[in-house]
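Sharing a structure below in structure tokens format, with a few things to ask.
The letters A, B, C and D name the chains in turn, as written, and every chain counts its residues from 1.
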Amino acid sequence: MKIGLIGLGKMGFNMRERLRRHDIEVVGYDPRPEVTDVASLAALAEALPAPRIVWVMVPSGPVTRDTVSELAGVLAEGDLVIDGGNSRFTDDAVHADLLAEKGIGYLDAGVSGGVWGLDNGYGLMVGGAAADVDRAMPIFDALRPEGERADGFVHAGPVGAGHYAKMVHNGIEYGLMHAYAEGYELLAAEDLIEDVTGVVRAWTKGTVVRSWLLDLLVKALQEDPAFSEISGYTQDSGEGRWTVEEAIRHSVPAPVISAALFARFASRQQDSPAMKAVSALRNQFGGHAVQRPPNTETTGA
Amino acid sequence: MKIGLIGLGKMGFNMRERLRRHDIEVVGYDPRPEVTDVASLAALAEALPAPRIVWVMVPSGPVTRDTVSELAGVLAEGDLVIDGGNSRFTDDAVHADLLAEKGIGYLDAGVSGGVWGLDNGYGLMVGGAAADVDRAMPIFDALRPEGERADGFVHAGPVGAGHYAKMVHNGIEYGLMHAYAEGYELLAAEDLIEDVTGVVRAWTKGTVVRSWLLDLLVKALQEDPAFSEISGYTQDSGEGRWTVEEAIRHSVPAPVISAALFARFASRQQDSPAMKAVSALRNQFGGHAVQRPPNTETTGA
Amino acid sequence: MKIGLIGLGKMGFNMRERLRRHDIEVVGYDPRPEVTDVASLAALAEALPAPRIVWVMVPSGPVTRDTVSELAGVLAEGDLVIDGGNSRFTDDAVHADLLAEKGIGYLDAGVSGGVWGLDNGYGLMVGGAAADVDRAMPIFDALRPEGERADGFVHAGPVGAGHYAKMVHNGIEYGLMHAYAEGYELLAAEDLIEDVTGVVRAWTKGTVVRSWLLDLLVKALQEDPAFSEISGYTQDSGEGRWTVEEAIRHSVPAPVISAALFARFASRQQDSPAMKAVSALRNQFGGHAVQRPPNTETTGA
Amino acid sequence: MKIGLIGLGKMGFNMRERLRRHDIEVVGYDPRPEVTDVASLAALAEALPAPRIVWVMVPSGPVTRDTVSELAGVLAEGDLVIDGGNSRFTDDAVHADLLAEKGIGYLDAGVSGGVWGLDNGYGLMVGGAAADVDRAMPIFDALRPEGERADGFVHAGPVGAGHYAKMVHNGIEYGLMHAYAEGYELLAAEDLIEDVTGVVRAWTKGTVVRSWLLDLLVKALQEDPAFSEISGYTQDSGEGRWTVEEAIRHSVPAPVISAALFARFASRQQDSPAMKAVSALRNQFGGHAVQRPPNTETTGA
């Protein structure tokens, strides 16, 4: 099998390597000359046998949209595009419709595993038509972890279902990480606990909370026990927001995932406007002393 | 009527004044010579006609405990002590028992109103025996707002009930303030809103959210429209914590009050240990860039 | 002044009455013959002097959209439409553009006050062009509470700002109500508190938590002290959801408002799917007994 | 080695078995004649070689307290008691002091692993003196999972540290379970997802959210795909509450763990008093229809 792979960043680069290890020929395209195999999407299309399969692994949103549009121009009837990026599931129907006008098939594939996927394999959640899924199965089998297919791959439903499942996966991930993080902070605050890293490590086997994320937390603590080389400033890449938006749309209470999301928002604020308002209110009714922001303090005040 | 009042801080000082305006004679005691009327608690006891009534208005915890203990020594059978501070309700039975050994009565009185109570009157929530409440009623009537007694005073139950009601009052206060604060932050973040202070002020009459706290928020915004002279660093004085502890004891879900409490905790952290853990985890699995704390950044890194 | 008012439901009916009390002539339209003044929108347009002002007070979403579309057909250049319903602020630009094609002006007006607005006046938050706002000011002055205009009216910004401000107002309202509700539940759970209604009533004057909502809570408790005639099943009308969505869009932490929203979602669930999952997990790892749903229990099991 | 084990319930029974498999002789005591090895604690003490080691595995609180008290009477100087139950860490100093009066040593051991610990081993978190820990190490080595000791065992600090670590472990467990539960509920609510169990199973290998709890969730879904045989009514055993209490004591924000705890409280309410209050408020200001509780509805109303 020989496929195209667009986007050779942190994820795509490793996926090309894993596919090749599993004897799938990959023609990779990336705007960066030092990593790309071909010079353009047109060249990519020419380099593949028809009917073609092209895996898209680029940033979600406009970049994915533009890539799919361009593919609609260079691919032909019977070809198949798989969006493996972190697109919002609502983009999938748009992409599928756009390609369907040219007779090109479309699958959305949620991919999890991060930088470890190269060796461990990637968890895959796929949406689309069964015939398209079957056709791409050798790719999925190469990317997914060893063992039973159903432990690392699912055909979740029609177009959109793959990214929906991945979105929920990431929403859960927010909650899991924050649960560990709260526990870590509490251990670190308590004098009785003389060996925080040791406690977290002792949880990695036998306990109810053991997980891959916990293994990574141990690794991180062993590298930097008090997290002194890291700040709490934390980005979010969209899936957490979408998960809460979907919870709202479905009237599903999501206190844990939303709390984890809001904690990320707060981590990026120098000072909280809301807490300024609370502080101002306390000052108004109680004459409670307020703290002035560092940059407004003057000597002699 | 002539009573003693111990503690002439922000609250006690104003309360002495309001009581005097209502023709209640007050002998005030405070360790600060410039505000006290007598030199000691013994002198206070001597200055009052038996049976005495002494109102305690000092910081909750050890200071209140010590004051009550000392009063047990200088007061006599038939006297009455009223703790008007923000004591934890669990302290009240201890104080009442200690005084009961000497035949001294005890009431706990939650007092709300802040620095505005001098003119507006104070909301009062009282716990204790009905006979003691009746005896102290002239004091309560002087302190509470004008109008119907039941709109600003309640005999909530036995000893402890007053501070319990006050604790819940303050827990609610945390939630109310944070609800307004979230709304303020959202208004301030939205470009469509050209006049944040104007919007908040327009809510003060006719709307569902009108309240005294909202009036204060308008006042604070008029004084400092972008809260540029105030930091979000916000203390908490105990009642919010106790309210959540009580919610836990009674198996009552308290997501709003606890969220407001946790936001105060977070406001006092330079950086969040929990978010450092989240950031470290993201770095481990995804190779996401982490931000180094400001003080560890080096040129050339 | 003579204006049109479309929608004579709970809000519109009272607003027509308040406008008339303030000597504004109102031609009301409603599909229900028993309340309408005219038979159709076309008849409404004919009954008004040009340039016309028409206030729309119908359910947000499709009904408002259809009404605005129909008005674009029956009104003329120079007329002005005011949407006073609870539309999502993102609808306003759509409505404004649609009407602008015919030279018809547009204002969005958030209206708060509920069934009490007839007598108390309504809090008003308005978005749109200054000239349009000025033109409609007699209407706003009639609807808003007595007193200073700025205490119950704001021109918040361009089209959309009025509904944005109203959305935030309602989001705050969710948080305020839930803060009181948590406090109420805690009071009701505590044996020390012998008079829950009395405690809540004693907060209505002098305290920090006094508000109009608190007055209503007292009224509700006086009518039904244990809320025995009411279920916790609670609808939401959209603004709470939109507020959390906007908080997400602006990266503003909104733990309090979202908690209040999620509690409404939960109130409408017979049983929580999430808690079923938690219960199932506990059973898996700990052999903890699970409770079977009532309808699956069988005798002899 | 020959030790005593008190409490042969779900946990203790399996632990006796695992210890025996690892060639540790165990004299078990339980009030139930059908499982006990000896008739009394005195008989247990007699059956063990001095200096004795006795592992206590009974319900936390009064039962553990009574057991430790009784052991103080039947054991002798130089003996060692290990509390492996889920005691609150604040009980440990009390137990240690009580035993120290007789020269008896004390360790607190948090034990995780549930019914699977028999075969997988138990994660162990231990507090106490290093010499006591060393002495009991053969027991810990038998109970903990195979592999490196530090992956399933930690000497976390002085007396109390073991139960503190276990408490935090369980607090995290609450958060993890609820994160998965929210994700499950969202998957189940979305029509695009045609195979909820399949999606969750596909997460068990390669993904970021893979964990032992996730494996159990798959198992539970395979046994009962829609959780139709289980209710959401969920108990809590104390550690979640203590974790939030500790978070409050240490001023550590814990929105995720507290949300998971509050969801359990809510799961045990037939109807929410707080939501009744919210519903009553909405009815007061907006004339919103309220739903009457099922048992108060009357025909003709």
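Following the convention adopted for this analysis, a contact is a pair of C-beta atoms (placed from the backbone, for glycine too) under 8 Å apart; a residue touches a chain by one contact, two chains touch by 3 or more.
The UniProt protein names, listed by chain, are A, B, C, D = 6-phosphogluconate dehydrogenase.
Computed from a prediction, not measured in an experiment: that's the story for all the values here.
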| item | value |
| --- | --- |
| Between A-B and B-C, the pair joined by more C-beta contacts | B-C |
| Relative to chain B, chain with the most remote C-alpha centre | A |
| Centre-of-Cα separation between chain C and chain A, whole angstrom | 37 |
| Length of the line joining the C-alpha centres of chain B and chain C, rounded to whole Å | 32 |
| Geometric centre distance via CA averages, chain B-chain A, whole Å | 45 |
| Touching two or more other chains - residues of chain B | 114, 178, 180, 182, 185, 189, 208, 213, 252-255, 259-260, 262-263, 266, 272, 274, 285 |
| Residue numbers on chain B that touch chain D, as the complex places them | 208, 241, 244-245, 248, 251-255, 258-259, 261-263, 265-266, 268, 272, 274, 285 |
| Chain C contact footprint on chain B (complex, rising order) | 89, 112-114, 117, 120-125, 127, 144-145, 147, 150-158, 160-161, 164-165, 168-176, 178-180, 182-183, 185-187, 189-190, 192-195, 198-199, 201-214, 243, 246-247, 250, 252-257, 259-260, 262-263 |
| List of chain B residues in touch with chain A within their complex | 10, 114-116, 177-178, 180-182, 184-185, 188-189, 213, 216-217, 219-221, 224, 227-235, 255, 260, 263-264, 266-267, 271-288, 290-294, 296 |
